[in-house]
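After this come two complexes, each holding chain A, first together with chain B and then together with chain C.
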Partner chain A sequence: MSTLHFLVLAPFIMAVFIPFFYKWFRQIHTGWFVLALPVILFIYLIQYLPMNETPEPLVVPWVPSVGINFSIYLDGLSLLFALLITGIGALVVLYSIYYIANKKDEPLNNFYVYLLMFMGAMLGVVLSDNLIVIYVFWELTSLASSLLIAYWFHKDKSKYGAQKSMLITVSGGFAMLAGFCLLYIMTGTFSIQGIIEFFASNAVFNEALFIPAMLLILLGAFTKSAQFPFHIWLPDAMEAPTPVSAYLHSATMVKAGIYLVARFTPVFGGIPEWFWIITSFGLLTLIWGSISAIRQTDLKAILAFSTISQLGLIMALLGIGSASFIDHIAEVAIIAAVFHLINHATFKGSLFMVVGIVDHETGTRDIRKLGGLMAIMPVTFTISIIGIASMAGLPPFNGFLSKEMFFTGVLNATALDIFNVQALGFIFPIVAWIASVFTFVYCMIMFFKTFTGKYQPEKLEKKAHEAPIGLLLSPIILASLVVIFGLFPNLLSNSIIVPAIQSILPYGPETYVNIYHWHGLNTELLMTVGVVLFGSLVFLNLKHWQEATFFLRERDPLNRLYDGGLEGLVTVSKGVTNVQLTGLLRDYFAYTIVFMILLLGWTFFRFDALAFDFINVSEISPYLWIITGVLIVTTISIPFIQHRITAVIAVGVVGFLLALLFVVFRAPDLALTQLLVETVMVILFLLVFYHLPELRKEKFKPVFKMTNLVISIGMGLMVTLIAFSAHAMRHDVNFDVISQFFVEHSKPLAGGYNMVNVILVDFRALDTLLEVLVLGIAALGIVALVKLKVKEGSDV
Partner chain B sequence: MKTNYLMLHTITRIVSFIILSFSIFLFFAGHNNPGGGFIGGLMTAAALLLLYVSFDIKKIKKVIPFDYSTIIAWGLLIAIGTGLYSMLFGYPYLTQFFEYYTVPIFGEIGLKTALPFDLGIYLVVVAVALLSILTIAEDDT
Partner chain C sequence: MEILMILTVGVIVSVSTYLILTKSLLRVVLGLVMLAHGAHLLFLTMAGLKEGAPPLLGEYASSYADPLPQALILTAIVIGFGVTAFLLVLSYQTYKAHKTDDLDELRGSADE
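The block that comes next holds the complex of A and B.
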């Protein structure tokens, strides 16, 4: 275990103590205890800057026999994400202390436990080198996200959003796991660095699995990073408390998909499928998100769609940049992606926090009710104008720089001469430009509708006033970063961007990054000028647009697909359950027995296990004939008995005769157990006898009777065949009899002379443990059934 | 009308005592002779059920004031816990250990970690049998 391992585990360890802090120091806001952790982790991580040497993975074995190890690999890309997670995490925790008041009915302990769980899981995703470990942490982030969305779980919308995000991201994660397994089949390792080396060395592998593995992994990345058409969960995730939205649903968790794509670029990059799928889905998401954002009236919903759109932008850049394995000209796209990733975290984080402040101080986020806050909330206003200008891509903020680089990236992409880009590549800049226009428009909407216009206090729930300094601190820090990175972008370039690029493009030539504002009067600048001019034009004419039916629909039409699908799933599974669960014990027995017959029959057929021989068969003594004869006659007579007591006695006779057979064949343990079970059964019958209805002659159709007869005869036949075959197999030379092992080893290995018992408590103790577990569950089930008293026709 | 079950009560007192003792013997006899947690547990359950049947449930509940569902949990916890013990020493889950000592008069005596595991099984079996049967018996609708 290295320090970095503890770094991943620290949030989980901290989470264990949170409930105690919450309980013992009720007066102090629990957030203050939590705050220390991300700050310490951030300070520790920042010492790795600038990252120059390539590290070795630090391996802690977990399940080494199948190549699953808890290995930590900290390179430029991981460090970038780890810094984002801890840095933004610290600011978000600080912000949340003032945002979520320490009230009596506010379960702060839950909030911070989930938040820490998320932080640890996210660090695990970006720092692990092992795919299975990544998968485990990946699903943990989905779980934590879901729990945080449902933090105010008494609201129906929160529950809906939580379920939606859970279903979509977890199913994507499941596909991703399948993709990881395919990679393992091809390469024989779960280590990402091992996989990259494997494919770089051009070893022989099963090429048929390459594309499916890629598609499955991309499915995981796209669902997590809210790419079209999986983006529909993100707007509903906005039901979470705003600190959570700022942290998970804009700065970190949704970027896990981007991380995954960047991480796998050395594996899959350079093939046309990877290039086209990621670029086209990214661009589609970019334009869809920015257009949808305009329709929203909720500030947070605007930001949600804006996040979707920006995630699409980064994704598209990664797709275009993957071509740089072939043509170096595309590398600028990767630089732009990494740079924009950082910028997006700063400006979007600050904007989310600002929206939270507006919501907190006015009681609403609806742009139709807000207005004129410029004079009332001057600090908030200043922060927002920085964030919004950066998001719109205006100089001198960092958003302008990365937007220009984005334009360079898509323009360079048209110059590519591979993957048939020359045919369709001209679309890239057009889509990018249109999306930027819409981005500009929703930035204008956010700004003007909130801060200018008439202040309408009658529409607000609270009297608007400036937020306390604690609430403003985090957005101020982020906004200053927006300015600092805008004015001095090269602070980042060599310290973190270049190392990150080196891990995305490991075998390329030396990367040189120098970001500056003035490029001369080139196409990119003209595009930006066009965006501003055209965007303003659209904004001024927005009134005409808003009457179109397109604008009246606030919700994404894709939601209908999801809702319908979920409803259909519930209906179908209810139908299947109702067909299968008839409530008749007889049917369940029939299912079980038919299944057993089929399984055993298939096994016999498959392994050709049917065998008969009657060598070494001992004499059957007369009393055995008598016992078995009585046994058979009694068994056959049971179905024909009309009287309950007689039937019970007949069943008892069968049981006791069986015990007798056990005694004859010298199996005292079995005999004893059988006798005791029979005894307890008699008592049970005595007790339930009073409750049982009159045994009446039921009329059944002959078909029904015949089916039951066939099933019961089939079961009997199967058991008989097994007995015959098992007997015949004893004489097979190639067949080791298992009992010999127990005869020889029960004393030396387990210290007991009674073989049966030694098997129960030692050799197969786990079986016994699970059996009694089943017994316990059955008993609780009986209690529940008897005490619950389900009425006829009602569902449990 | 108050019925007097003097014969039944007297005999039950003696018989259940004998069955209980025998069940404990069976429990300890496991490993080397027929017996063990499962059989011992069933026998104990039978003895207790005899008490419940011959006296009435309320009276016996006063004498044996245990909640059987908690006993199921305890039994399972003991059984699961004994498995964890071996993991502390780096052995796989549920590895059992034993040691034999030769003591004068008693002869060879074995000490086994399988015993606490079997105790867990015993408790679960007793509690499951009693819980399910008593629940059905108490149900009067």
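The block that comes next holds the complex of A and C.
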């Protein structure tokens, strides 16, 4: 175990203590205890900057026999994410201390346990090198996210959102697991670095599985990172407390999919399927998210769709960038993706926090009720304008820089002459530009509707005023980062961006990153100018647009698919359950027996196992004909007997005849036991039957009766066939008969002459001991049942 | 003889399956007892009939019947006895509580 292992486990360990802190120090907000952890982790991680050497995976064996190890691999990409998780985590915890008041019935312990669980799981996802470990942590993040969305679980919408996010992300995660397993089949290892090396050095592998593995892993990534059409869970996840939205649903968890895609770029990058799928889904998400954002009236919903759109942007960049394995010109897309990832975390984090503040101080997030807050909340206003300007892509903030690089990336993509890009590549810049226009428009909506216009105190639940400093601190820090990264982008370039790119593109030429504002009057700048002009035009004419029916529908139309699907699933499940679980013992027995018959029949058919042998049989003594005849006749008569005592005696007769057969077949011990047991059994039956009602004629419908008859004859037939075949084949198999062992060793090893007894009490004494235990349990159960007094109508 | 025994087993299994599928709780219990009988007989038949002396070393025979299946069947008989006794008491209590032994009438639970 290294320090880095403890770094992943630390949040989980901390989570164990949270309930105690919550209980013992009730006056102090639990968040203060939590805050220390991400701060310490962040400071520890920042020592690794700048990352120059390639690290070795630190392996702790977990299930080494199947290649599952808890191995940590901290390279540039992991470090970038780990810093985001701990850094934003610290700010979010600080913010939450002021956001969620320490009231009497506020379950703060739940909140922080879930939050720490998420933090640990997310660190596990980005730091692990083993795919199975990643999967475990991946699903843990889904679970934590779901729990946090449902934090205010008395609200129906919270529960709905939690269930939705859970269902979508977990099913994606499951697909991802299948993809991982396919990778394991191809490469024989679960280690990501091992897999990358495998594909780099081996040209021969099971290629049929390559594309399915890729698709399944992408399914996991797309569901987690809210790519179209799986994005619908993210807007509903906004029911979570705002610190959670800022942390999980914009800065970290939703980027796990992006991490996964970046992580697997060295494996799958350079093939057309990877390029086209990721790029097209990314661009589609980008434009869909930005168009949807304009329709929203809830500030948080705008941010949710904006997050979806920005995630699509980063995804598309990673898709385009994967072409740099073939043409180096595409590398700028990867740089843009990494840079925008950082920028998005800063400006979107601050914006979420600002929206939380507005909600906290005015009681609403509805842009139709808000307005004129500029003068009332000056600090909040200042933070917002920085965040919004950065999101809109305006200089001198960091969003401008990455937006320009994004344009460069898509423009360079058109110059590629691989994967048939020359035919369709011209669409990339067009989509990018249109989506940017819409992005600009929703930025303007957010800004103008909230902070300018008329202040309408009568529509607000609370009297608006500036937030306390504690609440403002975290967004101020993030907003300053927006400015700092905007003015001095090269602070990041060599320290963190270049190492991250080396992990995404490990075999490429050395990356050189220099980010600056002024590139001259190039296409990118003209595109930005166009975005600003056209965006403003759209915003000014928004009134006309909003009358269109398209705008009246706030909910994403895809939700209907999900809701309908879920409803259908429940209905179908209920139907199947009702058909299957009739509550009748007879039906359950029938299912079991029919299934057995079918399975055995199919096995017979499959292995062509039917065989008969009428030659190797021993002769039949005449008296045996009589015994067997009586046995069969008695057996057949039992179902027709209407009198209970007669039925019991008939069954007893079968038992005694069986004992007789045991005598004939050289099994004296069996005969003795059978006689004894049968006697006791008949007495017991008679005792109990004395109290029970008379057997009645079965009032089954004829069809029903026929079914029963067919099933029972089928079962008897099947057993007969098996017996015939087994008998015929018993001399064909090459097993050594182990019985000879008992014959030879009964005397010398156990000192007994009766072999059956020796087996029972000596060679297999443990079996007999457990048998005694079973009898003891049965006896106890019987005593308990006899003594039990059940009142009429009550359940046993 | 094996053929005859196999056919007997087939009949016993058919009848016991039929009994298990009926509505009367007691017939079901009887069916389970019969099914156990059938299984024991089948097992013994499969081990080979009439091959050698009873598995007692005092017989000084040249060959003995296979002792292992006998030991296993013995265990099965005893376990079957325990289970049957339990089932009987259970059906008795069920009858006392619900005044019926018809499985059709016993379906469902109070909280449905």
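To be clear about the criterion, the second predicted complex is superposed on the first by the 602 of 796 C-alpha atoms of A that agree within 3 Å, B and C clash if a C-alpha of one lies under 4 Å from a C-alpha of the other, contacts with A are read in each partner's own complex, and residues count from 1 in each chain.
As a working rule, a residue touches a chain if its C-beta (ideal position, glycine included) is under 8 Å from a C-beta of that chain, and two chains touch if they have at least 3 such contacts.
Just so you know, these numbers come straight off a predicted model, no measurement behind them.
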Partner chain(s) touched by A:F614 [first = chain B, second = chain C, both, neither]: second
Contacts of A:V688 with chain B and chain C, given as first, second, both or neither: both
First, second, both or neither for A:T679, with chain B first and chain C second: first
Touched partner set for A:L769, first chain B, second chain C, both or neither: first
Partner chain in contact with A:P622 - chain B first, chain C second, else both or neither: neither
Partner chain in contact with A:P702 - chain B first, chain C second, else both or neither: neither
First, second, both or neither for A:P557, with chain B first and chain C second: neither
Which of chain B and chain C A:K787 touches, first, second, both or neither: first
Which of chain B and chain C A:P748 touches, first, second, both or neither: neither
Superposition-derived comparison: chain B or chain C, residues of chain A touched: C
On chain A, positions contacted by chain B and by chain C: 668-669, 673, 677, 680, 684, 688, 691, 752-754, 756, 760, 768, 775, 778-779, 782, 786
Interfacial residue positions of chain A with respect to chain C in the complex: 582-586, 589-590, 593, 614, 617-620, 624, 628, 631-632, 635-636, 638-639, 644, 647-648, 651, 654-655, 658, 661-662, 665-670, 673-674, 677, 680-681, 684-685, 688-689, 691-693, 695-696, 698-700, 708-709, 711-713, 715-717, 719-720, 723-724, 726-727, 730, 737-739, 742-743, 746-747, 752-756, 759-760, 764, 767-768, 771, 774-775, 778-779, 781-782, 785-786, 788, 790-796
Of all residues in chain C, those that touch chain A in their complex: 1-24, 26-28, 30, 33-34, 37-38, 40-42, 44-46, 48-58, 64-68, 70-71, 73-75, 77-86, 88-97, 99-101, 103-104, 107-111
Contact set on chain B toward chain A in their complex: 26, 30-39, 42-43, 45-46, 49-50, 53, 68-69, 72-73, 75-76, 79-80, 83, 93-94, 96, 98-100, 110, 112, 114, 117-118, 120-121, 124-125, 127-129, 131-133, 135-137, 139, 141
Partner chain B, residues of chain A touching it in the complex: 668-669, 672-673, 676-677, 679-680, 683-684, 686-688, 691, 750-754, 756-758, 760-762, 765-766, 768-769, 772-773, 775-776, 778-780, 782-783, 786-787, 789
